[in-house]
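Before anything else, here's the structure in question.
In this document, chain identifiers A, B, C, D, E and F correspond to the written order of the chains, with residue numbering beginning at 1 in each.
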Amino acid sequence: MSAPPGGAALPDIEACEEIELSALRAAVQRCRDQRLRFITITCMDMGETFALYYHFDEKLKMRHLLVHAPRAAEVASISDIYFAAFLVENEVRELFGVNITGMAIDYHGHLLLTEDNEPTPMAKVRMEG
Amino acid sequence: MRMLRNVMRNLFSRPSTRLEPQRRAPIPGVRGTVAFETADCVYCGACGLRCPAKAIEVDRPARTISFDLFKCVGCACCVEACKKGCVQMREAYAHPSYQKPDILFQGAPVLKREEK
Amino acid sequence: MQFMDVASLIRSVSPGALIGILVLLPALSGLLVFAVRLNAARVGIVIVTAWVVTGASLTLFLWGALEQRSLLFTPPPVGGVSWDLLILLGDGALLLIFCILGAARRSPQIFALALLQAGGFLWLEAGMKPPHAHAAPLAADWLAIIMTLIVSIIGMIIATYALPYMRDHEAHHQIHVSRKPRFFLFLLLFLGAMNGLLLADNLLWLASFWELTTLCSFMLIRHDGTEEARRNADRALWMNLLGGVAMIAGILLLAARGEPLSVRQVLADSAGGAAAQTALLLPMACFCLAGFTKSAQMPFQSWLLGAMVAPTPVSALLHSSTMVKAGVYLIVRFAPAFHNTYLSDVVAFVGGFSFVAGALLAIGKTNAKAVLAYSTISNLGLIIACVGLNTPLAMTGAVMLIIFHSISKGMLFMATGVVEQHMQTRDIEEMQGLVNTMPLTTSLMVIGILSMLLPPFGVLIAKLVALEASVELPALLILLILGSTMTVVFWTKWTGRLLSSAPSTPRWGIERLHSMYLIPLLLLTSGAVIFSLLVVPVLTQLVIPAVTQYYEAIRPTAAQIPPMGEVLQFPWLPFALTLTAAVLIPLWIMRARRPQVRDVYLCGEQVSGLPTVTFRAAGEEKTELLISGYYFESWVGEETHRRWMTAVGVALCILLFGTASLWK
Amino acid sequence: MFNFVHKCRKKSPWIVHFDAGACNGCDIEVLACLTPVYDVERFGIINVGNPKHADVLVVTGTCNRRNARVLRNLYEQMPEPRAVVAVGACALSGGIFHECYNVLKGVDGILPVDVYVPGCAPRPEAIAEGVLMAMERVEQRSREPHSQMQAEPAEREERR
Amino acid sequence: MEVERILLALAALLFAPIVGGALTGADRKLTARMQKRIGPPLMQPFYDAVKLFSKQRLIVNGFQSVSVSVYLASMALSLVLLVLGMDLLVLLFVLALGSVALILGGFSVKSPYSQIGSQREVLQLLAYEPLLVLMVVAIYLKTGSFSASSVMSLRQPLIYSLPLFIVTMILVMAIKLHKSPMDISGSHHAHQELVRGIYTEFSGPQMGLIEIAHWYELVFLLGFIALFWHTNLLCGALLALGCYFAVIVIDNITARMTWRWMLRVTWLFGIGASLLNLFLLYGIAGR
Amino acid sequence: MALKTVIPFGPQHPVLPEPIQLKLVMKDEVVQEAIPHIGYVHRGIEKAAEKMDYVQNVFLVERICGICSFLHALCYCEAIEKLLPCEVPPRARYLRVIWGELHRLQSQHLWLGLFADAFGYESLFMEFWRNRERVMDLFEKTAGSRIIISTCCIGGVRRDISDEHLEEILQTLKEVERALDHSIPALLEDYTVRKRIVGKGVLTAEKAVELGAVGPVLRASGIAEDTRMTGYAAYDELDFKPVVETAGDCYARAKVRALECYQGIELIRQAIQRLPDGEIAARPRGRPNGRVVTRVEQPRGELLYMVAANGSQKLERMRVRTPTFANVPPLVAMLPGCEFADVPVITLSIDPCISCTER
């Protein structure tokens, strides 16, 4: 495993399924039904949009969902499906400014940073407030 | 009750405390502190560039190297970077201090070609 | 010279007149207050009565101290009608009232018990022609005098305190048609009846006063007229009526044996040998049962808990010097009659059990008055346990406890009442940090509480005596040990709540209290402190003589009062002074060199400068620190224990009668 | 007498340790000081874990805005004489993290630091030495004629 | 006679802290050795105390000082009472007075750890107080008097007739000295969920006073144990030190338990053992 | 009045080696609710990794955490090596296993000690930490540093382990094992300890998966998932079975970690036995390009790196999901209903590493 197969540069992660933002919750629910373990969410700031990877694990195999969310779009929380997601959702919202709503425990943008920090430090385009 | 045995054994054996550092020889190969031997230095700046903590600042025109001991994380990247072998790792660890030491290495100014 | 004058003056007063003042004046003033509905007049009457009655009781006390003898007294007939007849009529009227009450409240228990009692009474009077006592119907020995002194002084202090309290009470409850006249009528009547009860020697008189206190307490408990108040008053009534029935039954049994209905004579007869004593056990058991109901011992504890719906002065009165003490007094009185019997042991266990159970249940209560109520039950249990031990030493402990408990408990209830009027709460948890808002009341309250559990305060010394006395009965001793440690738990918890405060510089700001709140509080607090400081003289001059006088007279064979060497020789005064110094020195140092105040440790997230203790929590939110005490609902909640405790209580009562009728 | 007090002070440095955003390396070394192999209790050093009892505040880590607040709060609760020891490259300057967005580059910006212990992570012996040096320093300070002990902390900071 | 007694009391007051401090030092040293460490010097407790007195006085509120001073006073007093051979029950109540004073000091601060520590300290009181009283009762049953001096008149050491009480005494010691498994309301090592529990908010000189009070308490407890072997001073001292050593060993071989466990153990086991011993005593005496 | 106690537990608290706050809502001493408050250690390393070049990042990610530093570097290097691509020489792969397992060993020791400390068992804490120092000495000798060993680099390792040192490792492991034989029963078989940890903080297998638990927490609930089974470094060539317990309580977690110490020792022995000769590092060529996710098993569980590169010297995005981050939600779910005295025990039973969590 330590040697990469093929040798060519990989354009994207293996086993990644790209889905619409609106289909997100249904897809996550499906994962839940298949008893996948939720791993985490990775957010990438692509400028116009945020790319959100939802990583799942099925018996040590990974599965990923990729969602492109426009900057201002509202992303529904999945923490009611996977409680474990509340932490990372708060983090993503705080560091990138992705508008995630309905977290199980809402830190109101102060999970990691205080009031006097610059907001959304990880975002490429600084958002105000 | 398993612990009783351990405790009693400890009580009647020598403490394992090291009365360091007096009693312990330095271990070879330990990354203690960075030391410069500036004699051969060409002020190329490679060490500063490779330093992840930006602890080394090489000023090429002034031919100075300032080393910030307080930033150094002891990764020895500078040692690997220096082709001249001017940066080395000493085995002794740095002692605590009351103030920030200013470590500055000054090389001889660059000689103009004609002066040579 | 002067002293001699005063002494001869006191000697010259007619103790009979004093007794008249003590018993009748409160009743008359009560009626007056009821009739004259003027506020100012009421205040005046109550205060004057208070002074006069206090004065009378003090004079009686001094008289007793000088004369060193018991007083026997037959009041002269008024207008040709003998007092016997008056009392008889009064008793009949009372029983009639109870029957009517039972019917009106549609309470079968009350009705049945009242009827039963009336039946017994009729049988006694009409059917049996009881051998009336030839002796005087009133008697005042040293014990009775001390008791009257306590009842009168504490009772009158509470009555004074009730003046502002009831004003505030009605203001808060928006009661527009004042019921104060009625309130004070029963309050004062109560005190008169209590004095009568203490001084009565004729058992029929005793029973009448007994019923009168029942009626007064019933009226006072239901004073506020809420549904809860009525319900609880009903409960108090039927339980006390049960006691009344037991009492009548006891009297009937005595009468049936041809005993004279006089306390002294019954006691004297009981000393006449084993057979005589055994014969008297059953009536004694009846009297003990009566005493248990009145002093709310374990199966009957619920009425006292319910009684806390009444305005606080009522609780103060019921719990400290009157009512519950009437029950104990009865048992103390008759104790020599069942000296050295199994009955006595059972009585001790009833008391011991109530002591532990009360203390245990008090741990689970957040309501300050409920804690006080359980503590009363517990302390009375201790007293009764002492009585059950039935040795002179134990009796000494019992009497001491009666004295010190009355003072401290009265004070605590009053303080709780003041807090209630200021903060509208009786909840211990809401009294958190009271020391900041009401430093004076809190300080007094804390002294009051500590006087219930720490050396060198009197209650503890009495407890010590009790413990030392109880080594006779090891099983009881264990109950006492457990009970006293549990006592420490709930008192400490409560004090802790009071003191728990946010960071502050020591300051001595004092809240403003109505003088009629303040003076009673101060009086009783200083009483508790001074009596504790003077514990040795109190013991040697008051308690031991009282016990000797009445107990030894009857049971001279019983062991002499032990020298009480340990407790008496102990240098209480230097000890108390050392502790006082330990309290004062740091205060003095603090005044001289002010230490700096810092926030409490909140793991580094404290927010300074706020009036409450605050920290930052999730999402940077400023969160107020909340701390509440432990109440262990599942461990010591009433619900968990009520069943079995009642069962044990009932079983003990059955045992009481069992031993009385079967064994010596 | 006076000397005895000073000696006692030096011989009983109680520390409180706060991790102001360290990578754990330094924290673990601070803890390792207490273990049998290094056993700093032989110098009287104990980790009391409570600023109100502590003489020395041992800080590890880079400091960020959130824990700077905590750090100040803790320092404020320590009774004088007190000292601060900064342990590790992070606490001295931010170390490798000095350019991260949530890093305040060391403790000096927040509290007056008495002793700096360089290294990443410094060895336990160095940390123990740092604590002892801090006590030394505190002693010198309190021997000065106008001992700063009585001064309010705010004043003291100004004077520095 | 009076003068003698006063001198004796003064001597106790003076020497107890010294002995107590030294014993605490020995405890720390022993503990360290059991953990294979060198440990602090024997004098360490004194260094600590002196240092504490030289620290700035910070308080949270004024009542704390009062509570500490009453605590110290009653600990010292109870020792004096023991030395003078006074009534043992009184002595226990004086001891309880001290604990209550400290508890109230802990309660007086609205601080989570100090409050919870105090709550637990109350529970500790509930746990050990019956044991101590039972012990005194046992002594009474043996001697017919509650005074400590009456023990002196016995011909046989108490331990012969009351051996199980040594066990309960060890329980009590573990609780009172805050040793594992009973270091519930505040331990000497800070690694505890309550920080330092009831002591959390006391600092500087107040803490120093508390330390001294602890020393008195320690000496008092050891003296109490020594009472069990009064016929021979050496045996008494050895017995006391043996118990202390046992407590230290137990401290090192057990985890901290919860208050529920403590209550269960002290009430069931402790009281049970006491009663068993009393029962045996009675049974044998009866026959 | 509702009898409620709301108190902060942390950030600065003696039982917590690292700052995290739990806001505890309790009644009597029973926890009703626990809300974690983090952010005391957040530095912003993910962002910093975008600023530094990808080679220097190795030293950065190593300092995410001083306990599991080597494995951070390993996971990151694996990711970059996949993107370059670059073949790691076999000896380097085995050396990585050795150092990685030594790291796990010291981390488990550290945890066992801290765990013992959480319920006030100071002498046991000392025992474990004394034993841990043996491992730390090995690091010092073989890698030149105690904590942050900086031996992993892209393409292999920076240092070789000489034969004498291998011998010494074996020797020390024997001592460590012997010491463990003494101290682990004192933890797992002691009456008082069992009283404190058996049945506390139970997490069923169902819940564990649902809440996303990883590592020993997951395995203690009966799920045999160990990321090492995916076979990175040289694990595909070594024999081992994941340690699994089924009770899901603190005791099971302690047992899993205790047994993993033995497992680690065994793995190191195997690795030393099979250690091939040869190069220790390959020279990386080119620039990383593409996106990749790698996972390795940390002492605390599965660590995930996602690296997105665009062919330049600097990375586009580096995402780190650490095991503790995944174990915090189970912790939040486990705490309600426990005693206050058990809070430190349960909290430590997930072996929280906050610096990893917050990066």
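By definition in this document, a contact is a pair of C-beta atoms (placed from the backbone, for glycine too) under 8 Å apart; a residue touches a chain by one contact, two chains touch by 3 or more.
Predicted model only: the values in this text are computed from it and were never measured.
Path length between chain A and chain B in the touching-chain graph (shortest route): 2. If you take chain A and chain D together, the chains in touch with both are C, F.
If you take chain B and chain D together, the chains in touch with both are E, F. More C-beta pairs touch across one of A-F and D-E than the other; that pair is A-F. With every chain reduced to the mean of its CA atoms, the largest distance from chain B is reached by C. Farthest chain from chain F, judged by C-alpha centroids: C.
Averaged Cα coordinates give chain D a centre that lies 28 Å from the centre of chain F. Remark: chain E and chain F have CA centroids separated by 43 Å (rounded to whole angstrom).
Averaging C-alpha coordinates per chain places the centre of chain B 53 Å away from that of chain E. Centroids built from CA atoms put chain D at 60 Å from chain C. For chain A, residues touching at least two other chains, in rising order: 105, 110-114, 121. Residue positions 596, 598-599, 601-605, 616, 618-619, 625, 627, 629-630 of chain C are each in touch with at least two other chains.
Among all residues of chain B, those that touch two or more other chains are 1, 3, 7, 15-17, 52, 73-75. All chain pairs that touch, listed by label, are A-C, A-D, A-F, B-D, B-E, B-F, C-D, C-E, C-F, D-E, D-F, E-F.
On chain F, the positions that touch chain D within their shared complex are 11-14, 17-19, 39-45, 47-48, 51, 59-60, 63-67, 69, 110, 126, 129-130, 132-133, 136, 146-148, 353, 355-356. On the side of chain C, the complex with chain D involves touching residues 596, 598-599, 601, 603-606, 608, 616. Of all residues in chain D, only 16, 18-29, 31-32, 35-37, 47-51, 61-62, 64, 66-67, 70, 74, 95-97, 99-103, 120-121, 123 touch chain F in the complex they form.
Residues of chain F that touch chain A in their complex: 35, 38-39, 42, 44, 46-47, 78, 81-83, 85, 87-88, 93, 209-212, 225, 227, 229-234, 236, 288-293, 295, 302, 304, 306, 308, 316-317, 319, 321, 325-326, 328-330, 332-333, 358.
On the chain E side of its complex with chain D, the touching residues are 28, 32, 35-41, 44, 46-48, 50-51, 54-58, 189-191, 195-196, 199-204, 207.
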